[in-house]
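Chain naming follows the written order as A, B and C, and within any one chain the residues start at number 1.
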Amino acid sequence: MTDDKEAEGSVHTSVGSQLIIPIAAILFTIYYFYTIIDAPWTAQVAAFIVGSILIILVVLFGLKSVKIIRTGQGALDFDDLITPRSFVPKRLGLLSLTIVYIFIVPSLGFTITTFLFLAMATLLLSEGKNMSLILSLSAGLSLGGYLLFIVAFKTRFPAGPFETLMKVLF
Amino acid sequence: MKKLELDVNRRLILKGSATALGLATVSSFPFGSSLAASFPARNIKVYVPTREGGGADRLLRAVTGVWKNYLSTNFEPSFFPGAAGRVGYEKYMGLAKDDMYELLFGNMGPEVLNWVVKKPTFDLSTFQYFAQVDSDPGILFVSRRSKFKSIDDVIAEGKKRVLNVGVSRLAHPATLGALALAKHTGAKFNPIPLSGGKNTRAGVATGEMDLGALPSGGIVSRKKSFKVLVMFSHKNPLPGRSENAPTMNDHFKTNMPSLIAGSRAFGIKKSAIAKHPDRFNTLETTLKKVFADPAFKKAYLKTKSPWEFIGYRGPEACAEYSRNISKIGQEFKELLSGKKT
Amino acid sequence: MEYDLSFFSEMFVRTFSFWWVIIPAIFLGLVVGAIPGFSAANTIIILLPLTLAMDPEIGLTFMVALYASSRMGAGIPAILVNIPGTAGAAATPLDGYPMTKQGRGQQALAMSFFASISGGLFTTVIALLSLPWLSQIAYYLHSVEMIVIMFFGISLIATIAAKDTLKGLIAGFFGLMIGFIGTDVVYETPRGTFGFLELYDKVPLIPALVGLFAISEAFAIIERQSILTERGKAAMQNPGWSATFEGIRMAASRWWHITWNSLIGLVIGVVPGAGAAIASFVAYQQSKTYSKTPELYGTGHIEGLIAPESANNGVTSGTLVPLLVIGIPGGATAAIMLVVLQYHGVTVGPDLFLTSPELAFGPFTAMAVTYVLMILTALPLARYMSKITVISTIYMAPIIISFTLVGSFVPRAYLFDMNLALVFGVIGYVARKTDYHVAAILIGVILGPLMETYFLRAMKMSQGDIMVIFSSSIGNTLWVLLVISLALPYYMDHRRKKLGDGS
């Protein structure tokens, strides 16, 4: 985590990305408060105490951020989050593949989806190199996962064509 | 479970529909209404609103293990634990088709009380229970280390100070029993929800709670640690195992409806019954036979629960029970939900 | 009780004769412990048909061995890839993972194994010898006292956040708020659930753990060739047994630290409902507070690793105490053991020690023997396991994502939980990249609801009188200790500066 920073060795703070977590926290806290306005006191007491402290902390952080920008030690950018920029496409690709994984696993089942995900994600990261190694590795891992999770541990993972076929055969 | 799967496989192969890639899932066969006469033509899916391996699961396995022989089909349970059963009911009402191939197996008492405290998203009048399987009465109990030896000791002390009563949840028939008893006798009970029977027993055993209110099953099986003080049913089904604990109605000359805390029952969408009365009839008549089958008793006794709890009760009895529970629930709604009605 | 030396030595000899069931259980435990979402509890459920078919004594031995080794297994991915296998190992990566990055993965594993084994063995023996006395703890630590113990755990947020207190606190309090999602324990009012019924029972821990640690880590590591730093890679060039021995030596020289922290674990483990996560957080916080070098924590400091690892194995021995003595399981795994015992018609409770002492003491001797056998079976594996860190992130990141997503699905079998893991993954990624501590968020998510539960229970029992939290003498003693442990670092810091000025 800190490695990249040490490497850069600069004091520049990207205030924009630093503010994401506090803003998310505040928005969530406000939403949370909204859901308990009419609730009995038992539902409110802990959340109101913790949430109020959280809001104070975020306000303090906001003031600190303003100071940082004013003194020129940082700017309202998102550099922290996206550097090194060369990895942005890969990271977004990996995120999209993960979303697709979750989306298609109910219909294609564990084994096939895992194979597709492993193969495509690894090929994305390796920029298409070592195709045959990656394909066989993905096949091996997804089969291993099938044996471990579904055959041995009997998890109720969604069954797809592969799992149904295996069930019919054995 | 394993055996169940094997049976499924054999059926598939026998039907000759083991399509090369097995693309068809078991529940989506193109049979259905054309074969209405030979109901059931495929597996029956059961939604269970509690976790796998829990009490409902064990009871369901004992019932369906025998029931499937009468119906010549298999049962596929799927578990939707969470939110005190709400997840399971919402999923069932949202996803299940009204073709009599999808049932729900829940615990009526606490789950009916859920709807009293907070209305579900679906219309309650479109759902009904049709067969209650067991009846485990709610009780008050103390630790063997407690200074209380009888319910009279508890009431006497409860008139002097507020007693903390450990309960599984507030919206629970056993809690209602405790509240009704307090109201009747003037004793002061403060119900403390401890999230589940295990925690409630721990709370009572460690002395943090003065007493506890739970279904009787988990207490009578731990006779060495706990003593049953009073039962909230019309009669004590387990006199031997509970040292002849009195019922509230007998001891306090009250006229409370029976507060059965463990009341596992099959439920279904009313539209399914309206659409397929013949199929419903098949389910009912075959299920009744299960209760007389010695194989069921044998399977049930393996769950280590008292056989005395078992007994078939039909749709009318289920409806009456639900009505009673929600009526008393309404009476204590403010205490259960923390909100004024 | 009239148990003499010959009784115990016979028990040990007898238990050693079950080595053929203990050793497979150890390996199985290491595997299931290491995969998030799997645990000793759900593995025992899966293997229930097998366990129930065994003789109760052998079945119990098997379960105990699996339980003890799964606890240790959870530390392996925590150290090597920054992914705790269970919530009980959530404090392990704080110092374990930095060691791995420096190429000291083998050494860290050896230390962690040594701390786990010796801490576990020590507390097992203590538990065995002091059963009647220990079992009383549960009668004294009630909701009020547990509130203070929770504060010990939560104060770790401030400890972790030492580098940037404000950001650390924001992360921790954000975690606490997330932890409050779900119904309140008294009236079951849904709160902050975004309308999802799946969140009524609070945020499920495994998806949160998987997202915050594993998925966010997978997104972050792709920009490096491997998880090792350049120096770390050089250090991994000559793997031999030396790092293992060095790790053991370093951990062994801190025997006092292991003793103390495993005792914290034992005491917390005895309380029903508390657990390994609390124990390891409390241990880490205590370890840092009383350390002479608190500034080294979080950078790959030995004591920061052995404190949580010895504590969570202390919990393992502790949870068996209330189970066997008062029939109240201290945790999920113990609860399943209870089911198995009941299936065999064994009634647990004080009488068990009279009616069947081999079953009452058996779990403890089984646990002790398991730890002894682990020295021979698990410890040597450190050398080979640490190799995993040289695997390129090209392969590592997709594997981590797919296998931990499975893990997040397993406990409840809801696809919803995979989505939730992804959401936490995104939160975790942003937190990592902008230097908010993911561990601080996770501590909040884990301890927030526990603390609220104890607090509301105490408040409901006192009918709304807030002063209840100062109503018990044990509780008040704990409050004083808490204040001391919070103030001490500042005092020490102040004194050190003063001394520095003086010289």
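One rule holds in what follows: a residue touches a chain if its C-beta (ideal position, glycine included) is under 8 Å from a C-beta of that chain, and two chains touch if they have at least 3 such contacts.
The shown structure was predicted, so the numbers you read here are calculated from the model rather than taken from an experiment.
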Identity of the most central chain, Cα criterion: C
Higher-contact pair (C-beta pairs counted), A-C versus B-C: A-C
Gap in Å, rounded to a whole number, between the CA centres of chain B and chain A: 39
Averaged-CA centre spacing for the pair chain C and chain A, given as whole angstrom: 24
Chain B and chain C, separation of their C-alpha mean positions in angstrom: 35
Where chain B touches two or more other chains, by residue: 52, 337-339
Interface hub residues of chain C, defined as touching at least two other chains: 183, 185-187, 189-190, 413, 460
Residue list for chain A, restricted to those that touch at least two other chains: 39-43, 154, 156
Of all residues in chain B, those that touch chain A in their complex: 1, 5, 8-9, 12-13, 18, 21-25, 52, 78, 337-339
Touching residues (chain side chain C, partner chain B) in the complex: 45, 48, 138-139, 142-143, 183, 185-190, 197-198, 200-201, 272-273, 322, 326-329, 335, 342-343, 347, 349-351, 412-413, 453, 457, 460-461, 463
Of all residues in chain A, those that touch chain C in their complex: 1-5, 17-18, 20-22, 24-25, 28-29, 31-32, 35-36, 39-43, 45-47, 50-51, 53-54, 57-58, 60-61, 64, 80-81, 84, 87, 90-91, 94-95, 98-99, 101-102, 105-106, 110, 114, 117-118, 121-122, 125-126, 137, 141, 145, 149, 153-158
Chain C to chain A touching residues, read off their complex: 38, 43, 46, 166-167, 169-171, 173-174, 176-178, 180-181, 183-187, 189-194, 215, 218-220, 222-224, 229, 393-395, 397-399, 401-403, 405-406, 409-410, 413, 415, 418-419, 422, 425-427, 430-436, 448, 451-452, 455-456, 459-460, 464
Chain A - residues contacting chain B, complex: 38-43, 154, 156, 159, 161, 164-165, 167-168
